[in-house]
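Going in written order, the chains are labelled A, B, C and D, and every chain counts its residues from 1.
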């Protein structure tokens, strides 16, 4: 299963697959960089709805996109994040740079 | 996940777990023989609703119960059988001794 | 070259590891893009061969079982090996309904299922040395 | 004795096998009756260690990675080993955010995650010989 990319104006929505690991992160990095090179993207939204697994490769992916978009406040958002992913985002300190929205039924942060 | 046993009069219904393999078949054999030894059971119904996997250990289990119940016509029934399980039941020839009912949406036999 | 790959799983001959072997084989197989039906077939064949090592090869004693999986394009090779009692007459052992453990409610359908669900099955066995089952299946997409 | 068990998985250092290692570890772990959270933790730790062998240990070349899992009661031991380049300064390597491959967008959080999700993590490494990560986790039920 691959990620699905949805661009609307300057917003790029990336629906992540079930597992966000090293090969998947590499793939998403390449595709999103290709899009950024062609269209002006102001905000990237990572949708974790389908994602049950992630490791530090996903952290590298998020921080890399944050840098690619100029490290502007709010340029990267993670939505529908479950408790396991949320733990990773906080442990790594990434929550200081990107906006996180927990999946419904788990309460927002 | 273990099997669930439901006895009503002389009918014993066994709701099988997701995988019916060698350790699971051993467990079910022991428990059903214990019941047969205590109560008069005329018919055993194996419910495959939750079962996605089976191997020849399950065939041994069915044929063993058929013998335990006196090899009477219709004493063993397999219900809610999916196509993979149905293939095993036919390949092994067990369909000549036990009644098979396919799961809904797959057509009856 | 992403169209070759191989792995080896070595595990104790405990019944609980039959599930481990099946799931590992199914997981290795996903890279060939199998149908659900093909995965179910592979799992049954692996389960038969591993159960045989546990029940017949080692007769319930705890020793090591080895499962080798190899992919070459859309071809999947599975070898399952024990160092147990071995089989004196392989041809007879592979006949449908033949079993040496009817008291354990074995159906004698293990090899028949392996042959039904895989494209090729061959068995190397030496009494007192062990048994190796070699299987091959082409995954069509 | 059903409360001890062990297995070894040996596989090619291909990214596709990161998933294989995770699923095999998760499957082996089920016999300890873990919570979903404990399984997720284990999978992340295994994924970090295996990814490191592929990216850092073998730097993309295809060689063998070995994963040993052992159960003793409710204790799970995981060893993941490569025969790659090795680590000169293990203490430094284990610091949060430290990475030698920032150009590959590594976050330097691999060891930190292993330590967060497992009860114990120790690393044996020799430059030019390889690296072995030993982890332990008690599954509470």
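Note that a residue touches a chain if its C-beta (ideal position, glycine included) is under 8 Å from a C-beta of that chain, and two chains touch if they have at least 3 such contacts.
Quantities reported herein were computed from a predicted structural model and do not represent experimental measurements.
Trainee: If each hop has to land on a touching chain, what is the smallest number of hops from chain B to chain D?
Mentor: Graph distance in the chain contact network comes out at 2.
Trainee: Distance between chain A and chain D based on Cα centroids, please, to the nearest Å.
Mentor: Taking the average C-alpha coordinate of chain A and of chain D, the gap between them is 24 Å.
Trainee: From the C-alpha centre of chain A to that of chain C, how far is it in Å?
Mentor: The computed centroid separation for chain A versus chain C comes out at 41 Å.
Trainee: If you average the CA atoms of chain A and of chain B, how far apart do the two points sit, in angstrom?
Mentor: Using C-alpha averages as centres, the distance is 48 Å.
Trainee: What's the distance between the Cα centroids of chain C and chain D, rounded to whole Å?
Mentor: Computed from C-alpha means, the inter-chain centre distance equals 28 Å.
Trainee: Out of chain B, which residues touch more than one other chain, so two or more?
Mentor: none
Trainee: Can you list every residue of chain C that touches 2 or more other chains, as numbers and ranges?
Mentor: If we look for residues of chain C contacting two or more partner chains, we find 16, 19.
Trainee: State which pairs of chains touch, listing all of them.
Mentor: A-D, B-C, C-D
Trainee: Can you check the complex and tell me which residues of chain D touch chain A?
Mentor: On the chain D side, the touching residues are 15-16, 18-19, 22, 37, 40-41, 43-44, 47-48, 51, 54-55, 104-110, 112-113, 116.
Trainee: Spell out the part of chain B that touches chain C in their complex, as residue ranges.
Mentor: Residues 19, 21-23, 25-26, 29, 52-57, 59-61, 63-64, 83-84, 88, 91-92.
Trainee: List the residues on chain C that touch chain D in their complex, please.
Mentor: Against chain D, the touching part of chain C is residues 2, 5-12, 14, 16-17, 19-20, 23-24, 27-28, 30-31.
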